[in-house]
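Here the chain labels run A, B, C and D in written order, and each chain numbers its own residues starting at 1.
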Amino acid sequence: MLKIENLSVHYGGIHALQGVSLEVPEGKIVTLIGANGAGKSTTLKAIIGLIKTSGGSVSWNGKSLAGMPTKDIVESGIVLVPEGRRVFANLSVDENLSLGAYARKDKSAVEADRARVFKLFPRLDDRKKQKAGTLSGGEQQMLAVGRAIMTRPKLLMMDEPSLGLAPLVVKMIFDIIKEINAEGTTILLVEQNAKAALMAAHFGYVLETGRITLEGEGRQLLADDRVRKAYLGEAL
Amino acid sequence: MMLETKGATMRFGGLTAVSELNLCVEHGEIVGLIGPNGAGKTTAFNMITGVYEPTEGKVIFTGKDITGKKAHSITEAGIARTFQNIRLFSTMSVLENVLVGCAVREKPTWFNSVVRTPAYRKHDRESHKFAMELLSETGLAELAGERATSLPYGKQRRLEISRALASRPKLLLLDEPAAGMNPQESIELMEFIRRVRDRFDLTILLIEHHMQVVMGICSRMYVLDYGVTIAHGTPDEIRRDPKVIEAYLGVE
Amino acid sequence: MKTRNTVLTGLAIAIFALVLWLADKNLGGYAMRILNLSAIYVVLSLSLNLVNGFTGLFSLGCAGFMAVGAYVSALLTMSPEVKEMNFFLEPLAPWLARLTLPFALALVAGGFCAALAGLVVGIPVLRLKDDYLAIATLGFSEIIRVVITNLQGLTNGAQGLKNIPKFSTTWTVWGVAALVVAFMALLTRSSYGRQLKAVRDDEIAAEAMGVNVFRVKVTSFTISSFLAGVGGALLGHMITTIDPKMFSFMLTFNILLIVVLGGNGSITGSVIASILVTVLMEALRFLDEPLNLFFFKTNGLPGLRMVVFSAMLMAVVILRQRGLMGDQELTWSGFEKAGLLPRSKKGASK
Amino acid sequence: MDLATFLQQLANAASLGSLYSLIAIGYTMVYGILRLINFAHGDIFMLGAYFAFYLIASVALPWWVAFLVAIAITSLFGIALERIAYRPLRDSPRISLMISAIGASFLIENLGVVIFGGRPKSFASIPLFDTVVRMGSVQVLSVSLFIPVITILLLVVLLFVVNRTKTGMAMRAVSTDVEAARLMAIDVNKVISYTFGIGSALAAIGGILWTMKYPQLNPLMGIMPGLKCFIAAVIGGIGNISGAVLGGFLLGFIEIMVAAFLPALTGYRDAFSFILLILVLLLKPSGLLGKKQTVKV
């Protein structure tokens, strides 16, 4: 349903993406792995219209997203949980969730979604009135995901959800990702924790210096020598 | 002992970014600092190079206490660094970037610069020569006149290292030198780092995510997680350490 | 290569001097005044460009330092009789009343006092950044003005000073302007100049490369204040009357306009823009006078000229942020590349 | 000094402080959202007063209608200013944005000189505001009593809008993180326009009340209050509405009280605020109610 062809992005003098093509089929978890600076976040930001692309196309259910403002892309059903969570620190947990539903008019469905988020993350329910900035890293990540769910996405994109989180929390986040997916939301996941990502994903792409160098099913990539050597730190 | 940190701790408000860091780096070593993002590695660098003053503890460099000194005097004392997100002087040429690095040894003043005193001219000639030498060493000599930020990513990283070397450091800190490089470039970088160490008689402390790079060139490494040193030892020891596997190499 | 450029530069200076000589002989007082005003603006815009363009500090304190230079130089050169005439409300401090120095000495003293003010202001204020720095320097400039207004016994307060000796001749102002251009060219292309630009491009990296960022900032700010003081003094000796109102934020704004128009970080840009703006400013004076456009007559609209000017600044900032020259310079090799000069034998020039 | 004079000065200080607060709020809101010192804010304050003046003097509207219309026009003017002068520069270095703001400020002032004339105009007296109120031995103009009351009412309304409404929530979101706000399908441009609209409306109210108290209009009347109120916003902690009000009152009190108790320093009155600013910036750079920020390397 999301199809990227030959996407290219320039940052100042740097050619950050050099013709990236990938596909995210409906109902699947797709992951994009690679080293720091390989262009993973850039890909996600280009999809959602936060940065300008310099070539190639992004189509969403057959419709081109080129030149669309982020607001309209989000309303069409794509959302991004940004790297480093970026919750609104001075706003309460509840307000953060309401902002997720900012553009929505269907009040009762919004409340249903809020209940669903609290069911997924009971800890957020306990801290409803608290300022988001006072939450722990793991709770902020939950809030960022919850806030994204409030936009009612068909495609949920996540940028480094495990960043700086304790192993136990990472495991929980990945369980939630699988749960959300099981409820019918398609997921595009960017991760430096290659192992966890590939274990959870149906399909994976490896990005190196702005180019896709490998692709395949998650478990298949996990077994690939090149991936094991470069991203899993295994001396072979 | 080249560098030693004794219980160096950095707190921001309630958050402890690095706690009780005890690094020891011997002359001529290449030592790695690894850990998940947000583990406090860059903060450790910032404490050593004087960007932050440690909340507690000491930083000792070649036997002298440099805790709390200003960043520029630490560079003068002989520690140079590169940055995680490249910080070149964007409006200057490649050569000029390196010349700024050289200046710490010339100590120019506005007066001798304008008057072009004989001493200034001598320093200036020497710096130009040394800068060009460095650029040929790092394979950037042909690009000397180009704007620094027009270079491709990998070359910008090399330029940043050249600029750091221009200050004639004894200890070089590299913050993720292989970030944004593909495996082939990373291998070249490893060789480059080794060569640079031998050629300039350096000691190197580096932060890196590319496991292949770290394991390949470091004689020892420290692993940080949540600001706490959870392990240190040779690459082989680290690879087998269950705590490291859990924290860093990913969950099963 | 180098010799050719030196010869060309020498030739250009000689031609310019000749033009000045001819102008001085043939043009009327009004035209010469405008030409000489341009020279003073060259000094002032380079002073601001050193801080804003080359060191990347957004300072809005220019007018205050100009005021210091103008008052010091005026008070040191006026004759005891003129001083007595000026200070009729409250007599001037006696040690100053009898002191009269040669112009050159007074000019330098004006610069030094402004530099001293710059140093005193700079040390606390340069710890701030960006817009905070801008507003704090603007604040200090206003404080200097308020102090001058209130120090009746030293500055004659709001009445200002009249009959300042008219020392700013064509040769003086253009001589000083030439010196300042040379100074800036030498400074910005030196090792120290690279430190200034390093601070502008990335403070953290500069500090990490061993540049004492704070000291560089204070030095640049102090030198800039010196130049502003000299420019202010020249201005005083040209129009022969000064008062605190003259040194308001409006004056800083005029200079900022020149720097932005010429290009932040370009010496030649500032020189060209100084002349352009000064001449245009006069040429547009008709806007303030009654208009008679055949069908349509207006009464004088004082202020229309400044409307046009503010609109120009905004247009430049919005449409061409880099100004005329960006941070580039007009160079002989640039002319060569543009095909305006015959190609030299040896390859690239530097 | 006797008690009566002190109370008299206190009333003066309260109304001056209130006026400063009203203008300072506009600075703080715009800075919070765009990280821009809106140099032209003082001139918007001036425009508000002039619009009201012309609507009464030339269009002959009843004063309260004129005030409401003037506030609305000024508010639209603020929105237009952001569109024309600031929006095209949003991705440019902050210095360019600030130069554009300075340019806009001068443009408005000079246009004011051309259109309104450089000579000061005086506001016709409105009895409701011009009555002298006596309380014991203290005499104040009624407007001096209205000003603090109106300011407090407006502050309550504003805090309600910012903290309790959806638009207010979006404003707070945009001022914390523009990019994340975009990801929430918030129309950032619209939110910025609202901010300018509200800030300009408050400036207009401030301008009108100012001329009720000091009934002289001139095109450059916005410069000094503008600068001082920016200072008030910084002192209180820029980006923080309550901080702006605190800063405004503080400045008003210091100015009036120093002039009252130390008459020898009256000539330096305009310098007080700048000295206070520099002290605060050096001692607590984030302002009295501001939060500390660390630089990321």
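What we mean here is this: a contact is a pair of C-beta atoms (placed from the backbone, for glycine too) under 8 Å apart; a residue touches a chain by one contact, two chains touch by 3 or more.
Computed from a predicted structure; not experimentally measured.
Q: Pick the pair with more C-beta contacts: C-D or A-B?
A: Answer to which pair has more contacts is C-D.
Q: Relative to subunit D, which chain has the most distant C-alpha mean position?
A: Following the centroid criterion, the farthest chain would be B.
Q: Would you kindly tell me how far, in whole Å, the mean C-alpha position of subunit B lies from that of subunit A?
A: Subunit A and subunit B have C-alpha centres separated by 32 Å.
Q: Just curious, how far off is subunit D from subunit B if you go by their C-alpha centres, in Å?
A: Computed value for the inter-centroid distance: 48 Å.
Q: Provide the C-alpha centroid distance between subunit A and subunit C, rounded to the nearest whole angstrom.
A: Roughly 54 Å separates the two chain centres.
Q: Multi-chain contacts only, two chains or more: what residues does subunit D have there?
A: Within subunit D, the residues that touch at least two other chains are 297.
Q: Could you list the positions in subunit A whose residues touch two or more of the other chains?
A: none
Q: For subunit C, give me the residues that contact two or more of the other chains.
A: 204
Q: Which residues of subunit B touch subunit A in their complex?
A: By the definition above, subunit B touches subunit A via 36-39, 147, 149-154, 156, 176, 178-183, 185, 209-212, 215, 226, 239, 246-252.
Q: Along subunit A, where are the residues that touch subunit B in the complex?
A: Residue positions touching the partner: 12-15, 35-38, 137, 160, 163-164, 166-167, 170-171, 174, 192-196, 199, 208-209, 213, 226, 229-235.
Q: Can you check the complex and tell me which residues of subunit A touch subunit D?
A: Answer in residue numbers: 48, 50, 69-71, 74-75, 79-80, 82, 86-91, 95, 98-100, 102-103, 147-148, 151.
Q: Which residues of subunit C touch subunit D in the complex?
A: 52, 58, 124-125, 127-128, 130-132, 134-136, 138-140, 142-143, 146-147, 149-150, 204, 249-250, 253, 256, 260, 301-304, 306-307, 309-311, 313-314, 317-318, 321
Q: Considering only the defined contacts, which subunit C positions touch subunit B in the complex?
A: Subunit C reaches subunit B through residues 183, 186-187, 190-195, 197-198, 200-202, 204-213, 219, 223, 265, 327, 348.
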